[in-house]
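After this come two complexes, each holding chain A, first together with chain B and then together with chain C.
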Partner chain A sequence: MGYLRNRLLQAVITLYSIITLGFVFIRMMPGSPSAYLRAEIQQNPGAYGLPPNPTLEQINDVMQTQMNYTPGPIWEKYISYMQGAVQGDFGTSVIVDPGASNVQLILEAAPWTIFISSAGLVYGLVAGIVLGSLMAYYEGSKMDVGLTVSMLAASSVPYYIVAILLLFLFSYNLEWFPTGGRFNTNTTPGFNYPFIAGVFNHAALPILSGITIGFGGNALSLRANSIRLLGEEHIRNAELRGLSTYTISTRYLARNAILPMYTGIVLGLAGLIGGSIILEEIFVYRGMGKLMYDATVQRDFPLMTTSLIFTTVIFVAGTLIADFTYSLIDPRAEQSSMG
Partner chain B sequence: MGTGESPAEKDDESPFRSQSDYDATAMDIYEVVFGRWVVAPLRVLWSDYRGRFGLLLVTFYVLVGTVGVVVIPEPSVDPINRLLSPLEQPDLRYLLGSDGVGRGLLPLMAHATPKMLKMMLAGAIFGNTLGVVVGLVSGYTGGNTDKILMTVTDVVASIPALPLLLILAAIIEPRNPYLIGVILTVQAWAGLARGIRAQVLPLRNVEYVEASRTMGQSTSTVLMKQVLPDLLPLVTLRFMSTARSVIFASVGLYFLGLLPYTSANWGVVLNSAYENSNILASFENAHWLLVPALTIAMLTFGLTLLAQAFDQVFNPRVRARHEARKADVEEDIDETDIEEGGVSQLGFQQ
Partner chain C sequence: MSESEFATGRPQENRDTVLEVRDATVTYEMGRGQARVLNEINLDIYRGETLGIVGESGSGKSMFASTLMDAVEEPGRLQGSITYYPDEGDPIDITELEGGDTKRLRWEEIALVSQGAMSSFNPTKPIRTHFEETLSAHNADKDEGMERARSIMRDLNLDPDAILDEYQHELSGGQRQRALVALGLLLEPDVLILDEPTAALDLLMQRSILRLLYTIKEEYDITLIVISHDLPVVSGFVDRLGVMYAFEFVELGETRDVMHEGAHPYTRALLRSTPNLAMAVDDIATIEGSSPDPINIPSGCSYSPRCPIADDRCTIEDPELIELEDDHDVACFYPDRARKELPVSLSEDDSE
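Right after this comes the complex of A and B.
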């Protein structure tokens, strides 16, 4: 179990480092957030519980509480920050939603992002596997060359350009899909058909753009894996034993060809969640990415760093799950890690 | 045992004492080096349809970024020529049409190119150098150095790139294209470092590496002369893909308006088209959206193709086939040239 113990230790080190990095980032934030906050308070004192035309002292009071200003040397602040982090308290948002808990804000937005990201990931994988195996089967044919070139093109067009073009075509001109939002505002949220249909209708284009992040690369790597395997002895042996083509392609070929892609799935998910920052801004889809974008534009550093920590946690957890389950899928891995 | 021969005679016959019958001039050596490292790879690239197309595309962008910016006038606001379609006016500035404030799209695209190329170059060089150094040292040294470096690498690799870049861009607010390139690859080196280390580990105990170590060569010499050449394929591939990811990230961040800008970038133009929803609502002005989109996509496509084709250059079997073909050609040339005293390169090919 030495390997798994090392992986666990590595995950703890990673989380500790990223949380510390978050502290550094919050300390490093330039003067702009406080200036932004001051302007906000002066423009809209009511939102901060102040009378119209507040005095300078009143503003300073509010700013102190808003910015979480605690006096004391830096290491004391670090310890209190780490104590909070261990208890899952990463402070409050300063500007985007003043006073709201960062973790609360992210947890509210996360399901939407995880929904579109995982859907994009699954469809991207399926499309990649189907196309990749087709290309490998007809290797060298015109179809293979054509598909390879289109997959190369697909993987080299940035996903946000695909998103904008999809929006341009299907939302603004053909009007098949809405131009933004998460659900139909005329429906009542809950378990009813109009609401759920609206959710899928609104998610369709973000998911479609998410598919393009990974599927070209998936198809090409599956093609390469399969072609390499086709030349191997055990496939030849299986053919000589007179096994059916179906058995060979599913049990001998597909399994081994998909295997190297397994750990890449987690990376794909991380890429999708990171990419959601741009996608959700394009589709005005209020998920985690949009939250991160708003936090960045308004210089809400506590919320930004908490988002960064949160996405890192998702990634680290995903990698751990992939590592721990890999031996279930590939028994050879367990033997080598044991030995 | 040849006891009757004098030692001097024996020396002359020994292959270790024989001297080359002609000296290679500096020019000849350059010629061979140039042939081996520039001409031969280019020929292999050119023989592959992907390499040919990729090479043409990337060269085109480099030309636009160097010569094009001199020829093509700077973009300027012109309220009369708003939203021209491509080829609507017989003017170089409006060859690709114009945007909502009458700036020609061709000048906008062309004058954003040099900055983009600088970013790509800085990012690819920084990211790859860091990745190679960390991977080499970690894999070759082993022990505690390896453990510490790999822990750092794993931590860096587990941070999602785009959220980190957002924060760094907000804190640093970079304007210099080289600095932007470096920031955008601040996380990308980790993947390469892992890959390089994995390749170095088996190389550490290969005979020729062990031999140079035994001969007392310094670690840096061994790494540079014996180990690094084997890693060249991976490094070249990663050079392309890092350059590509710099384009992805920088255009994305410019599109979001999260990088401060002084001159127009492809992403900024894309954003200004996206913000005008009345533009999006009709096919008539699609060029405002399509021109920057295609500009970005063509360059990334070119880099992808080139990376694919470089695989052929480094694939020894393809190289061998190419060498064989070259040798055939050279034999023909030698036969005709030898009487005229032509210089044969075979003299010092070893």
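Right after this comes the complex of A and C.
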């Protein structure tokens, strides 16, 4: 149990450090919400009930009364934010969607991201495992060589290049898929066919680009793991003992070849909510990635901080789960890591 | 280990062949030519005997073990015949068997405890699963089979309740080796082949494993074939000894005869290069040269390039394995010269 306690403690420390560092670093970025707001007011003082060319005091007054902005040193803000966060109050967005609850914004965006990135992860994994097994089975054949080269190429091309190519080919040239968005704006959101079809239609290209993130690497590592296992004594021993090919390929090969990839898979799951900022930006897909991107570009500090907290919590929880469950699926890990 | 500690020296009459190997040759097609990794082996293995097979690495010992089960790995090709004589019923040519029959023969009649016992179990499954899988693959009764497994394990000084639920990495080297022997005996085979049963064990463990194997062999009435590179270890344990060099047998006979009256220059060189306590370090000889390439085996006698007494005839003509004395076969043209001219250093107490 000492191991469990230590890992939990480590997780809490990790979480706390990341949030604190994040809070500080975010506020060290050039530009700030207050500068942005001041510029806003200065450009259009009439809208805020001010005379043209307002004084600094007048602007600050408007910011405090109308925009709920309090000036103060960073440590004061840190303490007040953390006090709120511990009680579940993560504040409101100031620029991206002024006045909206950060948590609400994230809860609205996260499911879309989870949808496209989990589909990408699952398909990437399945494709990787199937191709990897085929390559290992036909090791050295023309197919193996061809696939190995293509997988290497596939995993070397960045997914955002793939995304742009897909967009160019399927959206602009062939016009099979929309160039952006999450659903068809002509449809009414709800459980009806046109809306759901639109959702899948819009998600197709982001998912396809997401698949390319993992599957080449998955296929190559499964191939390597399987080939290494095929040469091992226990496989030959199982053959001589007369076990069926099915038993050997599932219980002896596939299982043990996928094991080393387990941690990567769980971490991939943990990374789901963070999504891919670049991918969502390319496809104008309003998920977590796009939300964080907007918050960063517009210096919406509270929203950035809240997103950071959410993604960090989920990632740390994911690593914890990967750690604790690995020994359940691979008995060899028990002694070394639990000791 | 002193020689003949266990060897029974059973009477030669009424010997009953259990495995008959005729002209067994294994070849691999390789880019640079055909590799002959087993060369026209002829050998009878007798029921109930303990046969030791020794030779240096790459001499074809393990290949011979695979051949006895018709389990040569792809793309190797086995020619010749291997006949198995069951206790009852008609002889079976193993090489003619197909699919299900091969499966039945392997492990039910002939089992192999392969080299590398250290990794012969699936690392993510407990030992118990291996026994259960084997039983169900051969449609054997599971309860009865597991009861037998337990009793075999007890005979091997293993605590079945503890071992069965362990994983491979939780067992010591000696435990793994014994668990693997138990797995080999699970389906009550007639013949058990042990490939390097002592290779990864320390000296004390080697000795105790061999003692156990001897007891087991007597109790279960099986034929044991022990393959090893360690001549002194097996010689104390086996009834007959076969010496392999360059993919064929160069000498075969009663252990005592081979050890004391070895007539092949290679056997004598092996004995001479075996260190023992009574020898001065300087007297330990090494065998000059290296073992031949399976693609390019020397013409004539394959040992001739390294043999101190080889002459022109040896480089042209290949000596057959022929009977020199009773139950003592040698593949050499000059056995008498070998005995006279090539000294063997055996320590005093080993010569009885």
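Please note the rule applied: the second predicted complex is superposed on the first by the 279 of 339 C-alpha atoms of A that agree within 3 Å, B and C clash if a C-alpha of one lies under 4 Å from a C-alpha of the other, contacts with A are read in each partner's own complex, and residues count from 1 in each chain.
Note that in this section a contact is a pair of C-beta atoms (placed from the backbone, for glycine too) under 8 Å apart; a residue touches a chain by one contact, two chains touch by 3 or more.
If you're wondering where the values come from, they're calculated on a predicted model, not measured in any experiment.
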| item | value |
| --- | --- |
| Fit-or-clash call for chain B and chain C when the two complexes are aligned on chain A | fit |
| First (chain B), second (chain C), both or neither touched by A:86 | neither |
| Partner chain(s) touched by A:312 [first = chain B, second = chain C, both, neither] | first |
| Chain B versus chain C as contact partner of A:174, first or second or both or neither | neither |
| Superposed model, chain A: greater residue contact from chain B or chain C | B |
| First, second, both or neither for A:28, with chain B first and chain C second | first |
| Contacts of A:281 with chain B and chain C, given as first, second, both or neither | first |
| Centroid geometry (CA): angle chain B/chain A/chain C, rounded to a multiple of 10 degrees | 60 |
| Shortest CA-CA distance between chain B and chain C [superposed frame, angstrom] | 15 |
| Shared chain A surface residues [contacts with chain B and with chain C] | none |
| Chain A contact footprint on chain C (complex, rising order) | 69, 71, 73, 103-104, 106-107, 111-112, 114-117, 119-126, 130, 133-134, 137-138, 167, 169-170, 183 |
| Touching residues (chain side chain B, partner chain A) in the complex | 50, 151, 154-155, 158-164, 166-167, 169-171, 173, 244, 247-248, 251-252, 255-258, 270, 274, 277, 280-283, 286, 289, 293, 296-297, 300-301, 303-305, 308 |
| Of chain A, residues touching chain C in the complex | 232-234, 236-244, 247, 251-252, 255-256, 259, 329-332, 335 |
| Residue numbers on chain A that touch chain B, as the complex places them | 10, 13-14, 17-18, 21, 25, 28-30, 149, 152-153, 155-158, 160-161, 164-165, 167-168, 172-173, 179, 270-271, 273-275, 277-278, 281-282, 292-293, 296-297, 299, 301, 304-305, 307-308, 311-312, 315-316, 319 |
